[in-house]
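The same chain A turns up in both complexes below, where it pairs with chain B and then with chain C.
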Partner chain A sequence: MEPVIETKGLKHVYIDSDNNPVTALDGIDLQIMSGEFVAVIGANGSGKSTLARHFNALLLPSEGSVNVHGLDTLDENNLWQIRQDTGMVFQNPDNQIVAAVVEEDVAFGPENIGVPTEELKQRVEDALRAVDMLDYREHAPHLLSGGQKQRVAIAGTLALGSRCIVLDEPTAMLDPKGRKEILSTVRKLNREQHITVVYITHFMTEAMQADRVIVMGDGRIKFQGTPRDVFSRVEELEKLGLEAPLAAKFAFELRKSGVKLPQGIITNEELAEALAGTFCA
Partner chain B sequence: MSIKLEHVSYTYMPGTPYEKEALKDVSLEIHKGEFVAVIGHTGSGKSTLVQNLNGLLHPAKGTASLDGVDLSGKTKEAKLARGRIGMVFQYPEHQLFAETVYEDVAFGPRNLGLSADEVETRVRDAMKFVGLDFETYVQRSPFSLSGGQMRRAAIAGVVAMNPDYLILDEPSAGLDPGSRDAVFAEIMALYKKRGIGIIMVTHSMEEAAKYAKRMLVVYKGEVILDGKPGEIFLKEKNHLLEAGMDIPEVYKLADALRAKGLRLPYEITDAKRLLAEVKRRKGLK
Partner chain C sequence: MLDITLGQYYPGNSFIHRLDPRTKILTTLILIVAVFLANSAIGYAALCAMVLFIIAISGLPFMLVLKSVKPLLFIIVLTLVLHAVMGQGEHVLYQWKFIKVTEEGLQLGVQMAMRLILLLMISSILTFTTSPIVLTDGIEALLRPFRVIGVPAHELAMMMTIALRFIPTLMEETDRIIKAQTARGADFSGGNLLARAKNMLPILVPLFISAFRRADDLAIAMEARCYRGGEGRTRMHQLAYRSGDGLAFVFAFAMIGLLAFLRWGPKFI
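What follows is the complex of A and B.
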């Protein structure tokens, strides 16, 4: 299978406001496969947002390379294609909306690349349906909830034809209901339309839904694996300023006290199941 | 000492087609020394509520007052009263503006007309409070700090005003768990040492449960629930879910354990106690 995104020895160095060079990414080798749902977690300053910005050539490597659908981001001729292939959704929903009507906002991207009117209409309709916002097509975006605005932003990338979506903390500013909306939308797009998803988050409960979790620290990939592998490593996560899910922390503490529990417990239900019937009165 | 809202209503863009009644007849009192969490979905009216609490917005109907002084007044007294209620907005690091951390933190105290010595004392105290070493950071550009440090510098600017009440709008949004705990450690120190009143808007049920003594649930412009977070999360679960809110993870874990036959007292609301109870029931110390 072809990787959608491939980085080799990716380094990113920038000069901070005190004129010191800062290495934000320090040798990242990574492949993201077509149809994968990858979560990226890491403390503030670990390099995860910088990494995301390399995935659609918003940033360019200081050393090493990034290929998106086989196209090198350092080749300027590839930029338009790369940015169509990989859509980005950012943290603040209010900073991403450009139009006064939802469907015009979604049409903004494809219109700019010259999609013919009939096809444009179809793309916008399909995109809004995919994020369950078709009923709001004629609404004013600023009156929508945070979760709805973020879904409109996702629709914008779909209408552009993106088969890979990179979301940088898309739920950081949302209420609990909005968070659930975004996560279920992303999962649905991944499962039903096989959209490749790179999902950066501080919410471990969200990262648990991914196929693979990448843990960043100090500009490097510290470790990665299935959510079960990653979130069982309670102590290592805490050292990186991250937090394991509550059930994993409980399992860790109980094991330390001598309770025999199967490895890889990360959800409340798994913990309850493992403990079922073993309690004394 | 208290901030008091009496029958406060607030309408955005009255008399236009976009007219929206954001607060409907809200009455409540918050005392100095309280730690109050305000939760509610986007658009529920919680931001409008807190902006009425510190005089940034003035009620369309009803009154907002601090110790009997109307916060919407134009008198010197009203201005001083508003100055006693500090506000840390969402993403406060976006409001940093000065060339050095010192200049940024000193901006507020200087505007109060304090002497240079007093300003420096305020800056030193405020930086100490938020855990930014004075010598290391004072001459640095605030924009060269990490995300968590920038947020602390911005909070220092409000702390330097010595407010009696502090309103925080989602103080942990976008922070990793480590930075989040660090910011809360400072907020709790401020709360305990200075005995100020804290009003915190949050989307995190965990934070409301962990830090607040009182919780207001705002829904469609009204305060529909007002009480201890523990009691509200236990008794009003369905009500909260309907209002687009959630319950903290520890309540969910306790529910899952109960479903598998662990009899747990209902008042268990924090992770440490739940873990201790599970260990006890496993016959461990």
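What follows is the complex of A and C.
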């Protein structure tokens, strides 16, 4: 399989308000495969949002390279193709909707790249259907809930023809219902339309749904693996200022106190089953 | 003006509502010129009949359209009174010391007042029957030919669209800030004009900071969605003239023709 996004020795240095250089990303080597659902977790300031903005050429590497669908982000000629291929969804649902009508907003991206009218209408309809917002096509965005607004933003990237969507903490400002909506929409797109998803989050329960979890700290990839691998490493996560899922933490503490439990427990159900096996046998 | 026109749209599906926004803007301009041509009682009568006719087919409540005159009522009355009192003329109707009301002055005053009332009613029919979003599309399309002489048609339309999109959001925000400042003991009521203006500061400063932050976010989001100005852009909803639009133009030109005839043509009365 071919990588959709590939970074080699990616470094990002910026000058802060006190004129000091800050290394936000410090040598990232990463491959994201087509059709993959990757979650990126990390504490505040770990560089995860900076990394996301490199995937869409909103930021350019200070050193090293980023390739999106085989195109180098440093080459200016590739800019618009890269931004079509990789859609971005941002944290604040209010600040990324441009138009005063839902369908006009979804049409904003394809309008920018000059898609002919007939095809455009079809794209907008398909995109709104894919996120289950077709009934709201003529609504005003400010009357929608946070989850609905974020789904409109996702539809905007789909209408642009993106086969890869990078979501930068899309649920950070949503209520639990909205969070569920977004996660299930993203999973559905990933499974049914094989859209590559890079999902940046600080909710561990959301990261558990991914195929692969990348843990960031101090501008580096600290470790990565399947959710089971990553969330079993309770102590390492805590050192990075992250909290493992409750079941994993609980299992870890029980094991430390001498209860015989198998490794790799991360969900409540698994913990319940393991405990039942130990105590009821 | 912006906040007056913003909430004005009166949804409907009448002949007037369905006209292309370009038609409505252009015919409104033509009719405004027609109003300025009127100089006789018959001319004004024709214009009044026309406004009533348009209101009737647009399905707008008459009182709603009449209310649009209210913001300028003071100026209209002032115009009428000043013309009546200061006007020159032979036929004095009433005199008290140096103030005299002449027939000519009164006539001119009534004409001016009628003109203002008609202008307000005609232009408000445009904003009552056209949603701001469609109106923006129309303005953009009409300004497009002037791009060659440097009129930023697309940019203006984009700014209006974003303004329409963010005004409700910023209103919500203002509400939140007022509540937050009230909770901290701020008092927004009372005091003279200066004190009240000063009271607005704790609302305006956070509102501005947040608006700038939003603008920054929005710019990044727009860039991420391939925005690069109006060049090479297509539109999902393309404006198209239909037969009704032709009819509206014929009507508008007939109106202006009639008034030009009444003004410059042979006199019957």
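Quick notes
Heads up, the rule we're going with is that the second predicted complex is superposed on the first by the 276 of 281 C-alpha atoms of A that agree within 3 Å, B and C clash if a C-alpha of one lies under 4 Å from a C-alpha of the other, contacts with A are read in each partner's own complex, and residues count from 1 in each chain.
Here, a contact is a pair of C-beta atoms (placed from the backbone, for glycine too) under 8 Å apart; a residue touches a chain by one contact, two chains touch by 3 or more.
Note that the structure is predicted; figures quoted are calculated from it, not measured.
Of the two partner chains placed around the shared chain by superposition, neither chain B nor chain C is touched by A:Asn77. By the touch criterion defined above, A:Leu271 reaches chain B but does not reach chain C. After overlaying the two complexes on the shared chain, residue contacts for A:Asp16 are found with chain B alone; chain C is out of touch.
Touch criterion met: A:Glu253 reaches chain B, while chain C stays clear of it. Once the two complexes are laid over each other on the shared chain, residue contacts for A:Gly178 go to chain B alone; chain C is not touched. By the document's definition of touching, of the two partners only chain C reaches A:Gly156; chain B does not. If you check the complex, the residues on chain C that touch chain A are 132-133, 161-162, 164-165, 168-169, 172, 213-214, 217-218, 220-228, 232-238. On the side of chain A, the complex with chain B involves touching residues 16-18, 42-46, 91, 145-147, 169, 172-178, 202, 205, 241-243, 245-247, 249-250, 253-254, 257-259, 268-269, 271-273, 275-280. Chain B contributes residues 40-43, 90, 140-141, 143-144, 146-148, 170, 173-179, 203, 205, 244-246, 249-250, 252-253, 255-257, 259-262, 271, 274-275, 278-279, 281-284 to its touches with chain A in the complex.
Note for the complex: chain A touches chain C at residues 56, 58, 80, 83-84, 87-88, 90, 92, 94-101, 103-104, 107-117, 120-121, 124, 140-142, 156-157, 160.
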